[in-house]
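Next come two complexes, and both contain chain A; in the first it sits with chain B, in the second with chain C.
Right after this comes the complex of A and B.
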């Protein structure tokens, strides 16, 4: 009996496969281009690694990364203070930038009228468009003096805290000033990611919160922030990655100190940044120093690659509508 | 008996309605602290940063908090704090931005003159005044270096965009993450990469085309992401229609999808160019900045606007920094033009942006 019944056709997955040669070439080329970014990253790692190898082999990776001192005479190179300085300045920049960026995103998404929204977006895009060399010039010629005044005031009022202490009598070229310049640079990055996330918070959730008696503040704290927390984290990490890689602006406004760590005295004129070290020493570098600078580049690259990949992963998970 | 429900407009938001009394209170509540701060700054002569931090912020919090309490009771107070902080921090960023733009225009226009745009720097020493010499050679250099870079990157970025939208390959999510991570590639590392491949190995001396290559990894993520966004906006029905009429995929793409997304792709290119035109570090490591004009990308040094700014700032004389401000203004105008053009071209689409309904 069962043989006589017609069999239902098996459901096939609908899939378009490239049929003609042209299509095969078309899709092949586009896939190759898609993976070219991966190839590029691997190539960067291989070539920098190859040239940097003599330094790593001669000094040992741990000594190179955590030691102090940068001397051509002894051919001894260590980036410890620079690495720590990069992290210090980037952290400072992020701490300053996050409240500003979230405020702007909140204003644009939940408070502004459409007209004001467009204007504010234009302003933030304009800020994002300023090349870092111009921000560095502004930092050196304009902001340094203002920032030094702020630093002096912080030192006079809160100087009993070790973090605001200063023994050098000068408040110019400090990590604090570099941190503020970096903050100006990364506010647009963080706020644009945050704005994107805020704009996708379900309107019904917000209305439900208001209907249940929530006010602006409790809606923000208990509904909007928890829903968008992971996306904001991703945006902050993207900003951190950018801050670590910033070169010229920090080079202009910071005094690089190679032979000692500036652990957390953000008002002392002295600190470090790997990218600025590379720029600063490159001009008159000897062969072995070039290898050391390339090694510093490898460390910087790995650091930002890890942070940015984590950030990109978090952001892409927080924005499922972008992955269709 | 009529039991028809009363028609209520969909946009009615009873909680958002304001009365004249509320508006008055809000205006008075925000003007009073500003007036107090202005008094403290201009007449009592307190330091501006102290005024902004220790007078304006607390008085604003207190007065807006009071207004909130009067209007909405206890729930109004945290609301007021949120609104005050939002405006306060937002204004702070605006002030920083305006300070940058102001310094740039003020110092930049002082250096700007017709000959500053078209002359080069051949006989100029750092201590010379602004009577002669200019950034003409750097403008030409920037055009050449960034132009070659664009020619290399656009096909690559476009093809990446195609891969991300037109195929259903499983690797797309991974490529997106890689591209996003690459967008944060430190620009100095891109320069070091090209330096270690071509200059350390002795394949080439410092030259313009190496600078172009160093800009490729910085430009690629922007172009491919924005192209992807543009291609996503093309309705799926258009593609299906073309395929249903018997077109092969590549014909459907080049004759239907790409023309439909034309303005978006142009925007992508403009944004990509604007992203790299101000990059300094990679060019410092790969192109030797010279004072004269050089039209040959394949050999010899070449000045570009960002490296010109860097060099003249690093020299440290007042006159050289003045030149750097002039060049910075020129660079900012170039970037501004690119962004303005990109916004203008993509305007109708970005206005139609709508929320995703789930």
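Right after this comes the complex of A and C.
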């Protein structure tokens, strides 16, 4: 036998290429669809940006975003109170909705019998499907009066806190009422995401906790909640995104006040919401006002984009310990 | 160990245990006695009710809405199913180690060891000594001492299982129940857990379910052989000293099973 020199291994790149025609077509269609959504977003932004440009140029971006006042006569447009109002109402809605949504999800996932579980899930999904205009009408015709009573009660008991103060002596059309309506709207979203997250909690962990002398409450707090936290946060931000974008429902139950910020007096009639501003003014808008409304749209769009990106980031990092 | 346990013949005793899941009767008239400082092995073919039985000893079936039970389980003479008894108090005295290692993923190694104290509201008993002592008793201290704050999931499967044992030990239980604790582990890890079991029995009673006949012979003093005929509830065929069960079984079915003829 003659000696053979050991050959160095030749390294090949491993890449999956679509092999068959079907595969190529499928690949192409999927890629096109994927890229087109990106293109669409960019086109929308460009369109909005072009339309909004006159306003930004005339007012200055900072003045437009943070200033006050909305006047056709002076052609002076600022969305500060609206932007702040959107955030205030959305935050209020989330604060009210989260404990409720988590309790519902816990009940459905860990306490309900299978039949009740199916029924409850169905009803929650139905609640999510109620068009917001219906919720808005309900808010206007029904809940406003109940909510006003709640507001009065809060004011009578906790009125010494600035947040619950009221000088207008009317409790209708307040950020509080808008916040509750928003909460009703986003509870189903948050609870259905949370239920999904809860259903993925490893049963062995719950058993381990019980076997270690844990009860329902300590198991929930120390075992279930920590492993679900990032997923739930994602659901909450999803709800927040929806709350910020909400138009009709808020428009029905809130006075829009352009001239001044309502920083935190949630029981005073008057506040703001960007999407409702656009809805309310668009019908009879002058040319320069249309530009201002589209500029408001750009700001809202960017805001929801940021929140959704944060949501996506948090959800993608959910349960990092599963990567092992 | 207290004097009460010393004086009693049996530390833990199951009397006429029957279990149902919905309409299905899965365990019938099980009577077993677990002496102090001894390891009792439960063996038998798959589906004969070993896991079902071991879970009756710390009231774990209460998590399953369809489960029903008859009979009693006496711990130091007191029925753990008595109406006045809080099940979570039972579980403090009767610890459990599961088939699959299940450390809490969001907690560090150290936090896992003390997790039971937090879950049962006994935070004041937490100390570094307890962490060290529990890990030592589970033969995990040397591997864990320099990485107490690392996530529990950074450990190997065998180490995770010993961490779960340490987590139980931190509760200072009188009895530990183990349901196939080595079935997900390699031979080396299995060996170490068996050594741990032999050390632990100095201070407590241990009940272990195993499909490994050699393991039952290596670690246990007593063995109970369970069997379920087709669609019938499971029952205990034979219960006695491990040596006797494996070398001179009375029942021919026990003989067939321990010699690997079925199951």
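Note that the second predicted complex is superposed on the first by the 296 of 324 C-alpha atoms of A that agree within 3 Å, B and C clash if a C-alpha of one lies under 4 Å from a C-alpha of the other, contacts with A are read in each partner's own complex, and residues count from 1 in each chain.
Please note the rule applied: a contact is a pair of C-beta atoms (placed from the backbone, for glycine too) under 8 Å apart; a residue touches a chain by one contact, two chains touch by 3 or more.
Just so it is clear, the model here is predicted, and its values are computed rather than measured.
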Open item on the list: Looking at A:116, would you say it contacts chain B, chain C, both, or neither? Reply first, second, both or neither.
Closed with: neither
Task: Contacts of A:163 with chain B and chain C, given as first, second, both or neither - done: neither
Open item on the list: Contact-wise, after the overlay, does A:282 reach chain B, chain C, both or neither (first, second, both, neither)?
Closed with: first
Open item on the list: If we overlay the two complexes on their shared chain A, which of chain B and chain C does A:227 touch? Say first, second, both or neither.
Closed with: second
Task: Greater chain A contact set [chain C / chain B] - done: B
Open item on the list: Going by the contact rule set out at the top, does A:218 touch chain B (first), chain C (second), both, or neither?
Closed with: both
TODO: Applying the touch criterion given at the start, work out whether A:42 contacts chain B, chain C, both or neither, answering first, second, both or neither.
DONE: neither
- [ ] Determine, under the contact definition given at the top, whether A:208 touches first (chain B), second (chain C), both, or neither.
- [x] second
Open item on the list: Can you give me the overlap between the chain B contact set and the chain C contact set on chain A?
Closed with: 202, 210, 215, 218, 321-322
Open item on the list: Which stretch or stretches of chain C touch chain A in the complex?
Closed with: 58, 60, 63, 65, 88-89, 91-92, 95-96, 98, 100, 102, 104-107, 115-116, 118-121, 151, 153-154, 164, 167-168, 171
Open item on the list: For the complex, give me every residue of chain A touching chain B.
Closed with: 15-16, 18-20, 22-23, 25-27, 29-38, 40-41, 43-44, 47-48, 50-51, 99-100, 103-104, 106-107, 111, 120, 122-123, 125-127, 129-138, 140-143, 149-150, 153, 184, 187, 199-200, 202-203, 210, 215-218, 220, 238, 241-242, 244-248, 252, 275, 278-279, 282, 290, 293-294, 297, 300-301, 304-305, 307-309, 311-313, 315-316, 321-323
Task: Touching residues (chain side chain B, partner chain A) in the complex - done: 15, 47, 49-50, 72, 75-76, 78-79, 81-83, 85-90, 92-94, 96-97, 99-101, 103-104, 107, 155-160, 162-164, 166-169, 171-190, 192-193, 195-197, 200, 217, 220-221, 224, 243, 248-251, 253, 274, 277-281, 284-285, 306, 309-310, 313, 321, 324-325, 328, 331-332, 335-336, 339, 343, 355-356, 358
Task: Contacting residues of chain A [partner chain C, same complex] - done: 113, 202, 204-215, 218-219, 222-223, 226-227, 319, 321-322, 324
